[in-house]
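Starting off with a structure, shown below.
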Amino acid sequence: MFFHEPELQYEVTVEEPDPQFAKELQQAIGGVEGEMRVALQYLFQAWATPKEHEEYRKLLMETGTEELGHIEILATAVTKNLRNATDEEREDAAQDDMMRMMMSGQSPRQILSAGESAMPVDSNGLPFNGNYVVASGNLAADMYANVMAESTGRLLATRLWERTDDPGMKDMLEYLIARDTMHQNQWLAALETLDDPVPVPASFPQEKENQEFNYAFMSTHREEREDPDMPWTQGESVDGHGEF
Amino acid sequence: MFFHEPELQYEVTVEEPDPQFAKELQQAIGGVEGEMRVALQYLFQAWATPKEHEEYRKLLMETGTEELGHIEILATAVTKNLRNATDEEREDAAQDDMMRMMMSGQSPRQILSAGESAMPVDSNGLPFNGNYVVASGNLAADMYANVMAESTGRLLATRLWERTDDPGMKDMLEYLIARDTMHQNQWLAALETLDDPVPVPASFPQEKENQEFNYAFMSTHREEREDPDMPWTQGESVDGHGEF
Amino acid sequence: MFFHEPELQYEVTVEEPDPQFAKELQQAIGGVEGEMRVALQYLFQAWATPKEHEEYRKLLMETGTEELGHIEILATAVTKNLRNATDEEREDAAQDDMMRMMMSGQSPRQILSAGESAMPVDSNGLPFNGNYVVASGNLAADMYANVMAESTGRLLATRLWERTDDPGMKDMLEYLIARDTMHQNQWLAALETLDDPVPVPASFPQEKENQEFNYAFMSTHREEREDPDMPWTQGESVDGHGEF
Amino acid sequence: MFFHEPELQYEVTVEEPDPQFAKELQQAIGGVEGEMRVALQYLFQAWATPKEHEEYRKLLMETGTEELGHIEILATAVTKNLRNATDEEREDAAQDDMMRMMMSGQSPRQILSAGESAMPVDSNGLPFNGNYVVASGNLAADMYANVMAESTGRLLATRLWERTDDPGMKDMLEYLIARDTMHQNQWLAALETLDDPVPVPASFPQEKENQEFNYAFMSTHREEREDPDMPWTQGESVDGHGEF
Amino acid sequence: MFFHEPELQYEVTVEEPDPQFAKELQQAIGGVEGEMRVALQYLFQAWATPKEHEEYRKLLMETGTEELGHIEILATAVTKNLRNATDEEREDAAQDDMMRMMMSGQSPRQILSAGESAMPVDSNGLPFNGNYVVASGNLAADMYANVMAESTGRLLATRLWERTDDPGMKDMLEYLIARDTMHQNQWLAALETLDDPVPVPASFPQEKENQEFNYAFMSTHREEREDPDMPWTQGESVDGHGEF
Amino acid sequence: MFFHEPELQYEVTVEEPDPQFAKELQQAIGGVEGEMRVALQYLFQAWATPKEHEEYRKLLMETGTEELGHIEILATAVTKNLRNATDEEREDAAQDDMMRMMMSGQSPRQILSAGESAMPVDSNGLPFNGNYVVASGNLAADMYANVMAESTGRLLATRLWERTDDPGMKDMLEYLIARDTMHQNQWLAALETLDDPVPVPASFPQEKENQEFNYAFMSTHREEREDPDMPWTQGESVDGHGEF
């Protein structure tokens, strides 16, 4: 059961509204690397976690609930970048046809469909898709999916940080980036509590695997090449169960 | 900012687990008539509502937060219908090849991708789509969208109610149906507080409309027909602004 | 069975071709608020209406057929905005590299895939999606879906009207807006002919609903709040069947 | 501008309603090989055809309008297979739990979302997608797209014909198959009226192509093979412009 | 089984990096007319071709493998247009806010999600969709689908050729256009080896078709028109089996 | 540049053709956990890897090419499960209407659209989607995405292994599971060669993060709870840069 409080988790200020940046922020809301994905991913994973694994369920549940608040932060940022901006620019537009054309890169739906508000879509206007959510029913696979989601998510947030000069937007992104750092660490910490995290799933008896091919690097180069002597062609395997 | 409490908004019990019904319940999670749609729709509408309309913003926000709890209720119901069921049926399956074939209607991804858990998809396995969400930036349009969402949502819930004999499932659906009744009523109540709800949007000056065509029923029957004398071909218009 | 006549339902002229506006008009063709949606929605609803409800079936069928003509009007407008425009601008482009970059906001597929013609996509290039169509098999739910579709449709048309100065385009939109006014009114008139339009569906016996929750506003505010004394927290319900 | 007449283009009768066949018929409505695709494809192609090519525009427009009637025929067939069927089967279901499980292959949305009616989706419940429509702005490319659409469409119709024993359904499909034969022939006839239909587009000067690679079969077999001496590795090219 | 060699099938050079052109090139990678579609289409068709039709299987397999190399060529071109460009332009951007706005037409995901690399999406950022692939299990239908795919593909490539002045890009496109010429010819050559390519499928006995409608042009003009005396309303049908 | 050899990477035999299992195998071809995803993911990552990182580029390229061969193996398995099966069952179907209904769970498109062949879709018939592919332009993020893809991929393969008794199918899956083991290990080995793999991306200076929130677990439980004393609420962080 969920509850809400009107205050944002972290305050959002925009000094120079920028509709183009609003469009780019949408990637962090409804994009494959965005907050809708992680929020729903952690919630669906929590709902799939059986009672016996109570602490993992709580961890997932609390973090999923936190991510709902990140959607709210970003939706606020999008609206602030769109609304104030367009008031001024609408006047300019009357005087200046060139300006109007330059604004052409903006996502038209953000005005036409949403009246200058945030939408559950990505920066190309592609709607959020339920298949972005990974909740596999296997804890180790889910944890790797979560590390990966926070890695691409933090990468996106740092790229957005580089593309704005607005101090309010930079401050907000520094908060979200900090949370991504924490979340990468917490999912890796959870992975370390598992007995045998590689290969996933641990439940399949490895002796049933085809023993000829489970620790051999296969080259598909057209002509045979020498062994390049890399950590994936020689030495002990990372899981400690084989020899490359 | 969101918070969570481990108790469900309404308790879920399943007496006879039924994987086929689990598949049908998915429509109420990730389908176009489902709870993910209304939850996100009300939240995005709330985030687009300016400070001046504080009471509408609160109404949307609180109801959106309630709907998040409905996803949780239904996810629990799906898992309970899948997990217990398949234990027994898996044994049967060993004895009985026919049974296995009969189970073929089940969504394979619910086992293969989700390990017998709920997913953010509909009853055909189609992923939830951000374009199901309507948040137009216009309050009247949004309220009609909400009445419509709760109408198709309650219709879906009553159809599900007819398709199960499980007392636990019927009880859960009677709760969700009751909430849909309330929600239909509350959005209609909100519409009644608006000055001029028809036609939407009120902001466009009706004298700019083409006056020849705004209150005339146009027949596209191949041969001309007599006026059928219906409430949409004769008499005063519903908005009170014209004569059909 | 359908027939066609080469004349448009309403004549389309474009004085200053504008490829950026062509892109925005696509929202009214293939977007979630557009004419393909309403045309197909009314036709599929008509095909689902049983013989006993002949007058509703006719109403839906005739309006659906009218909407097919609106797609044709808009497709003509898109082509006129693209074709003439690009002839001139192509010359400019040779002289003026800057102009070419400024045109960058245009949807590239409109040239690359469609040779400067209309497409069954929205203003972001997202293809029309059959799930935009609501045809629920329940007349009241369908009528609410239709009021909502015409509300977001008229909202879109008035936003497009604000974004163009072309007299031909304004004139065409004033026609389409007028038709949306009529259609909102006719679906509301049809709703008024139904015995008990709220809650939808009427067929479910309300005494089966959970009686504790069907007329109670549920707050999900984190801390308990006072009753805000709004029309949805106090007084008689809109359907006249309960007390909030 | 479109008109409608209540009579179907071809009468539809169903002797033994069959919900499973209703699901399969959906492929011919909203599937990639279906009637929604060809109807919209021919209409969008017509709207893109300039005045100078009046006869092609008429041909496309009239056939597109005909295809709208095919959607209507199939929607009628789906409803007749669902409605009557489920009445009987619903009684059986009460008596017979096994029957209920066997019905599990049916698309649940056809009941849950559509109240036993036709939908703009394919046989897996996947919604119709605007990107199925090809309208390239080039007449020859469009004609090849149309021959291809009618080829996969007729293939689908003959496969449906093989999967039903119902005389009414077979009769309806024999009508639709006949129309596909005509349509394949008419698009090929239109291709024959074009000056230089291969390679498409004729507008690109072939001397600008890379002359070393435009009539040479390139083997990507890992080891070199002998020339297999096939019509695509030796002899004159089909367009008469080169030598393989 | 596939193999790879680091050399490109055809060398790619870019003299003036152009991020807008990179975006347009994406249509040729992940668009409905692009190389991912033909590569996967020919491979899936090959895998569906039975042993008895060995030479067709080889033809499809070798061409599908060639098309994988075309994706690689275009991905290289996209990266070269993005990477070098943005280095310079990033500096400019610092000095020149106007430039930054003008770049707004660029697909934001190409930076945000992909770090200035190629993606499996089209020029609007729409992801590649498996339903673009036609592999029908019928050789004639597949060959028509292939002629059509190469027709819209060559049309796209020639339109891209017209939109760039970069000699390296023009040279690359002249290579790809040449291959499309060859592929159109080879699929038509394969069609000519089939006994009875029209109507598709040949396996359905034409005497079962409705004989009244299989060679008659049906007008859907609202008022009856005179026979326009065109090759599709009079004379022998293209398949030689009927008379219009 | 790619090459092909007719032999499969690993031989495929099917003793008892099973159309239901064919449908499930589709998840491993076109599903989010499937071989199309990893093949395209590794290839697009390779094409984005700059020359300086040659050994990573080779590793990605060779493995991507190997995965193309896995699609081929599974497409062969699908066809073998469909073709032989349906011959027999078609006869049975004539005798036995019940059998026909039981087959209803099969994906109808596999017959209707593909003539009993493999398709680029998942087990629900949902088409493959280019957004499944992660190629972020950051090596560490990509490696985590690859570990995750192989984890969910191996999980899927082991679940398929549990659902079949066919010795040929079990043998094929044991080969594919072995390769997934190797691939999980090789991506983890590649991660170990990176200087500072956590947090991703390493390029963002951590001192710019909000220092108050980057190593703190945030509870969103409604009522405050005691610190549960878990590895993610206390102790050193996994990246060694902070203290929880």
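We call the chains A, B, C, D, E and F, going by the order they appear; numbering starts again at 1 in every chain.
Criterion: a contact is a pair of C-beta atoms (placed from the backbone, for glycine too) under 8 Å apart; a residue touches a chain by one contact, two chains touch by 3 or more.
Quick caveat: nothing in here was measured; it's all calculated off a predicted structure.
When the partners of chain A are compared with those of chain C, the chains appearing in both lists are B, E. A straight line joining the Cα centres of chain A and chain B is 27 Å long. A straight line joining the Cα centres of chain C and chain F is 39 Å long. Centroids built from CA atoms put chain E at 32 Å from chain C.
In chain B, the residues that reach two or more other chains under the touch definition are 2-5, 32, 58, 62, 65-66, 69, 102-106, 113, 115, 124-127, 129, 131, 136, 138, 152, 220-222. Chain contact topology: the protein chains form a pattern that is neither a line, a ring, a star nor a complete graph. A list of each chain pair in contact follows: A-B, A-C, A-E, A-F, B-C, B-D, B-F, C-D, C-E, D-E, D-F, E-F. Within the complex formed with chain B, the residues of chain A that make contact are 1-9, 30, 36, 40, 43-44, 47-48, 58, 61-62, 65-66, 68-69, 71-72, 75-76, 79, 113-121, 127-131, 133, 135-138.
Contact residues on chain F toward chain D in their complex (touch as defined above): 2-5, 98, 100-109, 111-113, 115, 124-127.
Within the complex, the chain A residues that touch chain F are 3, 32, 55, 58-59, 62-63, 65-66, 69, 126, 129, 131-132, 134, 136, 138, 140-141, 144-145, 147-148, 150-152, 154-155, 158, 161, 174-175, 177-182, 184-186, 188-190, 192-193, 198-201, 203-204, 206, 208-222, 228, 230-232, 237-239, 242, 244. Touching chain E in their complex are the following residues of chain A: 20, 23-24, 27, 31-33, 102-106, 122-126, 152, 156, 159-160, 163, 220-223.
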